[in-house]
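Next up is a structure, given as structure tokens.
Chain naming follows the written order as A, B, C and D, and within any one chain the residues start at number 1.
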Amino acid sequence: MKIGFVGLGSMGAAIAMNLIESGHDVHVFNRSPARAEPLRKAGASVAASPAEAAQSAEVIFTMVADDAAHASVTFGDAGIAAGLKRGALHISMSTISVACAQDNAARYREAGLGFVSAPVFGRPDAAAARKLFIMAAGADEHLEVAVPLLEQLGQSVGIVGSDPSQANLVKLIGNFMLSVIIETLGEACAVAGKAGIDPMRLVELLTSANFNAPPYKIYGSLIAAQRFQPAGFSLPLGQKDNRLMLAAAEALGVPLPLASLVRDRFLSLRSQGIGAEHDWSAVALCALSDAGLSKQSPAG
Amino acid sequence: MKIGFVGLGSMGAAIAMNLIESGHDVHVFNRSPARAEPLRKAGASVAASPAEAAQSAEVIFTMVADDAAHASVTFGDAGIAAGLKRGALHISMSTISVACAQDNAARYREAGLGFVSAPVFGRPDAAAARKLFIMAAGADEHLEVAVPLLEQLGQSVGIVGSDPSQANLVKLIGNFMLSVIIETLGEACAVAGKAGIDPMRLVELLTSANFNAPPYKIYGSLIAAQRFQPAGFSLPLGQKDNRLMLAAAEALGVPLPLASLVRDRFLSLRSQGIGAEHDWSAVALCALSDAGLSKQSPAG
Amino acid sequence: MKIGFVGLGSMGAAIAMNLIESGHDVHVFNRSPARAEPLRKAGASVAASPAEAAQSAEVIFTMVADDAAHASVTFGDAGIAAGLKRGALHISMSTISVACAQDNAARYREAGLGFVSAPVFGRPDAAAARKLFIMAAGADEHLEVAVPLLEQLGQSVGIVGSDPSQANLVKLIGNFMLSVIIETLGEACAVAGKAGIDPMRLVELLTSANFNAPPYKIYGSLIAAQRFQPAGFSLPLGQKDNRLMLAAAEALGVPLPLASLVRDRFLSLRSQGIGAEHDWSAVALCALSDAGLSKQSPAG
Amino acid sequence: MKIGFVGLGSMGAAIAMNLIESGHDVHVFNRSPARAEPLRKAGASVAASPAEAAQSAEVIFTMVADDAAHASVTFGDAGIAAGLKRGALHISMSTISVACAQDNAARYREAGLGFVSAPVFGRPDAAAARKLFIMAAGADEHLEVAVPLLEQLGQSVGIVGSDPSQANLVKLIGNFMLSVIIETLGEACAVAGKAGIDPMRLVELLTSANFNAPPYKIYGSLIAAQRFQPAGFSLPLGQKDNRLMLAAAEALGVPLPLASLVRDRFLSLRSQGIGAEHDWSAVALCALSDAGLSKQSPAG
């Protein structure tokens, strides 16, 4: 299939590579062209703009950092909307806000373009290994096209509903739940550490029992070791998703005290010089530090 | 082996039955004798006091509701300590406080009696199916006796350390983490519900992705359905464990904002007439109710 | 002095009336003209637009509901900026965001117009009685003009600094502190009520001791009586200020757990049908309700 | 009047001195006798035990640190209860728990002894200057005796009710409210500090407006200057009162999220080596530190 792909960060590059390897004819674009090079070598053609990547595509994927980047590649002067043919489909895999997805879907509907939100759970290694969990939402006729493609990219595709923004909400809920796991593990390791139980042993015990989901294992070992670099998912991106979750919940009239707590953790860390080079699991540092157990001396 | 068993609530009865079925010679005691009857029919002998259940035992198990019950069956006038032979072993499976376990271990050490803490994760059906996750701690020579027995009762036995109270602390940490999962699911279902996503669908999507640990599945479906009766683990017991966790953490000098939040949820529910007949997952009602979504009208 | 006045809500109307009574030549504008009528009768002339109210003014005051209203009367097609003469001064008494004030100050600086932020503490009756506490910030040459006028309108004028937005921040901090007093009184009255102490008696005892500041007296008696209507300062306006405080603090990198708690209270109340017709002291209903003491049955 | 006085800490000594200066015949006791010396020089007689101080007294006062000290001087082997004549009155000014006061009142009732709780608001300098605010509760016939004496010791005596423990509850509520003021000022000064507004100036502006109660002035200036030594009211005592408030509220079924937040602040400070030598207003350090503004490097 003729496919466009915009956004070649570590997630996007891995997914685009899989599309090439699955035999699709892939036309990529990235703001900084160096990141497109490995894909060109693998057989992709490289576009000069999002519009150009969209022109011949039946389906175009985007995987970009935030609402602003999404708006820029989609509605900018040389954006996807300007290039996409009537009847073609845009699959947005980025973690963008509910409001941004709603706005995009509405504008495309008027323009006769298809829009599916398909955000993912999983880190770059999971993307490369086609092990992503994908949440998809959109109109039935668009999902018919999107789902078979998405199934090539992950281990499961969950259909959320017919309104694309619902998939974005589920993604934000998932990241919210992950952030609470991180905070929980921080508090649990603080208690264990002060009681003379090695936090790493605590994590092994719990994840060998009923806390056997991947996030407890992955974040548990990072937090027990206080190893927050390099960043698998960087702190500012986690903070952004927390902000989007709180905004979506506020619009719906739902208080989220857990998300408010995590929000304050992010602010505290940023004020102490913990930032973009840290994994978002560094949120656990706050609980460890409040118990007098932090190994990090926050940078000045 | 000659085994005593004190405390035949729904957990204790299921475990004692498994010991009988494994061929042990089991001597049971329960405060209200009616609950001993099914065990007697299955081959157990019934003692008139904890001391009597302990007299001939090489190992005696206890599975009782709280610190007060533990102290009563252990150090009461006709308690286990009065009956147990020097060199015999007491395996406490109850969820009791860290301080209570420390005190018990110290008194037994002086008296030449063995003490192992072996609290469990799992509900009565898991106990019956020998699917419990068991955390064990105690001196090496006591664990040598205890672990083979415990392996007959659960799907895994994790060794925490040589101080029995450490197993109690890990159990409290585990219940703390479960309580946070409950609160998290309450907040997540509140967001989904108000966005027009069926909370049950949300739970399916998330537990089919990376939130695939049993607690998310079990509590997720209860909370999505707002089905908090009958109680698998009753609200007051959950509240007691929250109190024990906060007390243990305070003694260690560790603030636990997540546990503080859950504490306030328990207090709020109790003040609104939600109590012993409800499962502790009713904690999620607070988040649902704060979002205007509670189906329950709290009793007057 | 030739004075313009835009925004004749209950606060603005009382202040404008005082300016008339102090002998100034006042030119008023309000979106809904009916509210200008009593001022016209008292001697004001009525403008057809903010620009017209600004045209002949040496100083123009604004007292409007929020950032959107401020932008609309200031930079709209017929806004103040279009009418104001070079060298004239705009005194903004509204509770607007720090960002909005910063933006306005920057644009006026370029245009050669003066801008002073002078938000106030006090309810409409205090405005009428010239008992407002006024926080003022701006360049020295603008404060020289503004302060003597402001001193005619309140019992004190505190100079915050030379950056107008700092006065807006102090106002938001003040409202944040008031919101915490409200929450505190809700929790205190809940404890007293359940202990058999009349909450009204509690408030009398405390405000006769060292809690003798006006907010404890005013909000204490409203909360003890659970009398949240009519609204002296309406719930949605309080919620807006909470939002502005959290946004300003986030921009500065400061976590405010107390403001986060109050934020959740507002969301919960709105989801239960408590809204614009209630005073913001209804925030205390949450603590009372969590203790099973609320007299209100939230509307459906 | 013949008066006993037990407990000569900085508060008790100042109060006892005032009783001597008012012409009473005062018989003092203190655990460490050196603290009785200045009172002896001023005319008091010094007893060898609480019982001896009580023997000839019509009224005996106690002002001790906590429940344990209260129980020790009251019910210990040579305690007040052993010395006090039937019909004599014990006025307890200590900040003790509600449960402790209830227990004491019940035991005295049986023994035909009178008990009034009369805890105070105010620091040692206020005690010396007879400026205390006193909350009193007890049976009418006991208040008839107590109130005229208490009026000699403070600037106001508020009658809470007929159950002595109600005065202790009001005192705990008051200290709870003070702790929230401290946290509020910490957060407010953090915002101001990062916005380039001198925190001391912020405190002046607010306390010159409607936050003109003494706690805002006293704690505001300490917090703005980050001057937490010497301790006017030491951190561990503040932590104790927070614990008593949470226990009393839990017994009544009232969640207090504000007190829970402050509880976590105390735990965090203690884990960082901030303790007995610091004033409890150091609670504000947490908010300042979370914003990257703390001047203190917590001791190792």
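Assume a residue touches a chain if its C-beta (ideal position, glycine included) is under 8 Å from a C-beta of that chain, and two chains touch if they have at least 3 such contacts.
Here the structure is a predicted model, which means the values were calculated and not measured.
Touch-path distance (fewest steps) from chain A to chain C is 1.
Taking the definition of touch as given, a chain qualifies here only if it contacts chain B and chain C alike; those chains are A, D.
Spacing of chain A relative to chain D, judged by their CA centroids, is 53 angstrom. Chain centres here are Cα means. That of chain B falls 40 Å from that of chain D.
If you average the CA atoms of chain C and of chain D, the two centres end up 37 Å from each other. Residue numbers of chain C whose C-beta contacts span two or more other chains: 249, 253-257, 261, 264, 267-268, 271, 290-292.
Here chain A touches chain D in the complex through residues 264, 267-268, 271-273, 290-292, going by the rule given at the top.
If you check the complex, the residues on chain D that touch chain C are 98, 121-122, 133, 135, 156, 158, 160-161, 163, 166, 169-170, 173-174, 176-177, 180, 183-184, 187-188, 190-192, 194-197, 201-202, 204-206, 208-216, 245, 248-249, 252-259, 261, 287, 290-292. Of all residues in chain D, those touching chain B in their complex are 249-250, 253-257, 260-261, 263-265, 267-268, 270-271.
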